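To start, I am sharing the structure in question, which I have written as structure tokens.
Letters A, B, C and D mark the chains in the order given here, with residues in each chain numbered from 1 onward.
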Amino acid sequence: MLRGVTSAGLGSIESEERMIELAAAYGFQAVDLDAAALIARHGVDGARSLLQQHGIVLGAIGLPVEWRTTEEAFRQGLEKLATYAAAAAALGGTSCCTYILPSTDLKPAPFMAQAARRLRTCAQILGAYGIRLGLEFVGPHHLRTQWKHPFIWTLEETLDLIAVIGEPNVGLLFDAYHWYTNELNVADIEKLRPEQIVHVHINDAPDVPVSEAADNQRLYPGEGVIDLAGFLQGLQKIGYTGVVAQEILTEAPSTESPEVLMQRSKAGFDRVFAAAGMA
Amino acid sequence: MLRGVTSAGLGSIESEERMIELAAAYGFQAVDLDAAALIARHGVDGARSLLQQHGIVLGAIGLPVEWRTTEEAFRQGLEKLATYAAAAAALGGTSCCTYILPSTDLKPAPFMAQAARRLRTCAQILGAYGIRLGLEFVGPHHLRTQWKHPFIWTLEETLDLIAVIGEPNVGLLFDAYHWYTNELNVADIEKLRPEQIVHVHINDAPDVPVSEAADNQRLYPGEGVIDLAGFLQGLQKIGYTGVVAQEILTEAPSTESPEVLMQRSKAGFDRVFAAAGMA
Amino acid sequence: MLRGVTSAGLGSIESEERMIELAAAYGFQAVDLDAAALIARHGVDGARSLLQQHGIVLGAIGLPVEWRTTEEAFRQGLEKLATYAAAAAALGGTSCCTYILPSTDLKPAPFMAQAARRLRTCAQILGAYGIRLGLEFVGPHHLRTQWKHPFIWTLEETLDLIAVIGEPNVGLLFDAYHWYTNELNVADIEKLRPEQIVHVHINDAPDVPVSEAADNQRLYPGEGVIDLAGFLQGLQKIGYTGVVAQEILTEAPSTESPEVLMQRSKAGFDRVFAAAGMA
Amino acid sequence: MLRGVTSAGLGSIESEERMIELAAAYGFQAVDLDAAALIARHGVDGARSLLQQHGIVLGAIGLPVEWRTTEEAFRQGLEKLATYAAAAAALGGTSCCTYILPSTDLKPAPFMAQAARRLRTCAQILGAYGIRLGLEFVGPHHLRTQWKHPFIWTLEETLDLIAVIGEPNVGLLFDAYHWYTNELNVADIEKLRPEQIVHVHINDAPDVPVSEAADNQRLYPGEGVIDLAGFLQGLQKIGYTGVVAQEILTEAPSTESPEVLMQRSKAGFDRVFAAAGMA
């Protein structure tokens, strides 16, 4: 498994270029970033060199298509997807992720039909560039009632969504916070096949009742109560060999310097990987 | 358009063979029936002859797969689908229909994902035999709250379900009662392309507020308040040339003889087709 | 059916804007053109006004993706497809067409697998914008041996390709020259359902043995030996109500003025539509 | 990886029940067999007990549908597929395999379109029961010209077929003989992801030029010239953990007793697994 970072948890880090530098300096191997933007700034060769020089691989890109609202918004976003996918592929990327909010103001059944269809079109385009689409189920309980109607939030429901999308390149973005707030255990990870997991996000949760763990109160790995050793061991056991990137959503970005936060991140990874008996 | 009958509206008609005879005697051209059962009783050649002698074509078969409940029930029903489809195809049939209840005790979004996936598998199998799958939206208002959660009941929502199923051989079972209780008009029919309609059911509604028209209080064509002339003209205008079969759901089967009911059906069709300016 | 023109048959017509003007002046109702380019020059509103003022609808756009060669070429072209589809949709277009050469230097079976997959991705993207994809089988015999191996050229083989692509928005570009050089007849048209035909091209063939009719020796409708009255009657009989656009491929573009050629085109259409008993 | 046997290589073994017994007695863990037939003879519980008592898991079932010839033959075979899949699933099976002959008397491009469509329908049905479909490319050179036209035989071409089928549950039946006769090497295995391999067949080849190695002249593992240590190490390296079943196709079934042949099989497996540094 490769250790990765996302911008969430690095405070006001000034650029993705700085993320790449710091990630390398602190022993990370992957960075989730906007590949198209990096190529826009450096050209394909320049972006590749930047990553290579730092020994960093592209983690995941985000899905730049708004599939959650109107057909018009979806069609507009779709116009850029192929270019984004080409950019990620040019930098050796193979993963594109999007989150599924657990509730919605829209009627849930019709929205599910529209969402699955739009995500299938996205998956088809991504697949042309060798990119896999990872869908993230979102577990924090408060979000289940933030909008009018329940949508989906469990692992099983997300596997059902993947099944109805029906494309060979769709799987999970498996995030520790959502595994934890869904009250899943290591056995639930062990039932998965490694190819069902496109990308992994790691983080920790505060010592509050699980139903109160809010989505934007995440901690660095090892600073909270999630059984991250079990989480990592489960992933290793099933043979997942992809990226494990930290995503520390907080109410406001930290005011600490990116260097301090990167050091804290590294310490967190060292802690939990060691606890899991892994390098 | 071909005039057809289903068993709903023919009282305690004793057999599908009798349905075929009476349908022919009263000027009908199509019968919705269980093709596999007819072939089981007569063999393929015998069933074909029976239909041909009476100048009757096979309307639609019902989908013999339980897709609304558990995966186990679905898998069991799936084992017979190919044989049913082959039977329908052997008798020249091209349509298989199923209804969508407008509410459900299941969580609507996960159920939509499962339903769409199961219906896609059914459509794939049916397609191998040249059979199209017609999905029927169900409009009566009382059914929208009969189960815990709204599912889907409008024309647009059903077109979204067809779109997410994503197979080329899926369309609508367009039933006058559901067009009426969805408070749609002729312009809504005129926006459709004829190939979006796999099969049509015709019937009439009692003179009560539309929100009170119950699913099992249907009348024979022309005996109620539905604008069936507009309904038929809309279908003709878009170029629909398939079967229009009556489906008169009632609280209890009529005690009248099938002959009397068939005469009433014929009178109903004559009335509304004449009102629509069609033979 | 709407009468349409393509640039093929209008000599050195200077612009698509001129095509629109002349088409309107000579009683045509549709023009196949590059919607994205028209919008680039006039903006969406300007392009819409231009079409509306002239009473012209957008016929079909061409598929701007190179699906016949390398995966790299395909991926590059795919980046623009969504924008092209959005442009066509913005101008009320619903059709995008591509031709299938009947022979290939590539190994035919692997090429079929790649072609079908790439066309499915194209169809998915087009479908998001309400655009249908029409595949044109190409009949002239000389093209069957122009490249090393036979690929596909019959109507049935093209229907098989459409079936394996498996998307609901894929059908035929039905061209009279290829109907003729495949030695099909009116009964073959009558077996089709109207929705199987996305777009129609009309033209005529020289009085030579059909096996010698070359792809770039086409004549204006009514000037040759194709039974265009039967062709049009067959389309009408099955209920095709789309565009019939002329496509007159010649060895070199005519040196006649576009006005003269448009007059010749109009005369051709008048002749064959009258022969078919249609306005 | 689990060691498995198929009936090919066990001479005139009298029954699948005997295969299960002997397999267990000689240290094998899986048997490829006809699950539906086993259940027909023993009932579901009886068949499960039989396997469980012997510590044997179901390897792969064969695809009981004739997809290589006419649509009629395909439709007939399709009627039994769901029941076969249910049988395999009931016995814990997850794999169904079929071979792709490298040449055909049919026109290759149209046949590819038909084959891919039919295999997609099969995959859809199998998928409803949790079964994956493994496609076997067939490498022996003599078969490439046994029928009139080349079809497909390379790993890459088979991956293209899998891609156009487009279902998430389709992968490879990876057979050592076809890896060898395609002159592939260990690096070619290492480029695969484990989930691309549904099932593995192992065997060995005579010491003749590779272009002369005939499909029915296979040897037991370790008795020939295939680098089976490299083959197994490649599979292990990518994380394949499924069944490796021997399939020894010979011109005529051996007259040796099944016990002798099973001993020879065990010795073969021991030899090559040891050479690969695996238990």
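Following the convention adopted for this analysis, contacts are C-beta pairs under 8 Å (C-beta built on N, C-alpha and C of every residue); 3 or more make two chains touch, one makes a residue touch a chain.
Just so we're on the same page, UniProt names per chain: A, B, C, D = Sugar phosphate isomerase/epimerase.
Everything numeric in this text was worked out from a predicted model, so none of it was measured.
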State the pair with the higher C-beta contact count; candidates are A-B and B-D.
A-B
Any idea what the CA-fit rotation angle from chain C to chain D is, to the nearest 5 degrees?
180
Chain B and chain D have mean C-alpha positions lying a whole-number Å distance apart equal to 44
How many Å are there between the centre of chain B and the centre of chain C, using C-alpha atoms for each centre?
37
Would you please write down the residue numbers of chain C that are in contact with two or more other chains?
120, 163, 166
How are the chains arranged in terms of who touches whom: line, ring, star, complete or other?
complete
In their shared complex, chain C is touched by residues of chain B numbered 163, 166-168, 170, 193-195, 239, 241
Chain C-touching residues of chain A, taken from the complex the two chains share:
74-76, 78-83, 86, 89, 118, 120-121, 124-125, 127-129
Chain D touches which residues of chain C in the complex?
107-114, 116-117, 120, 149-152, 156-157, 160-161, 163-164, 166
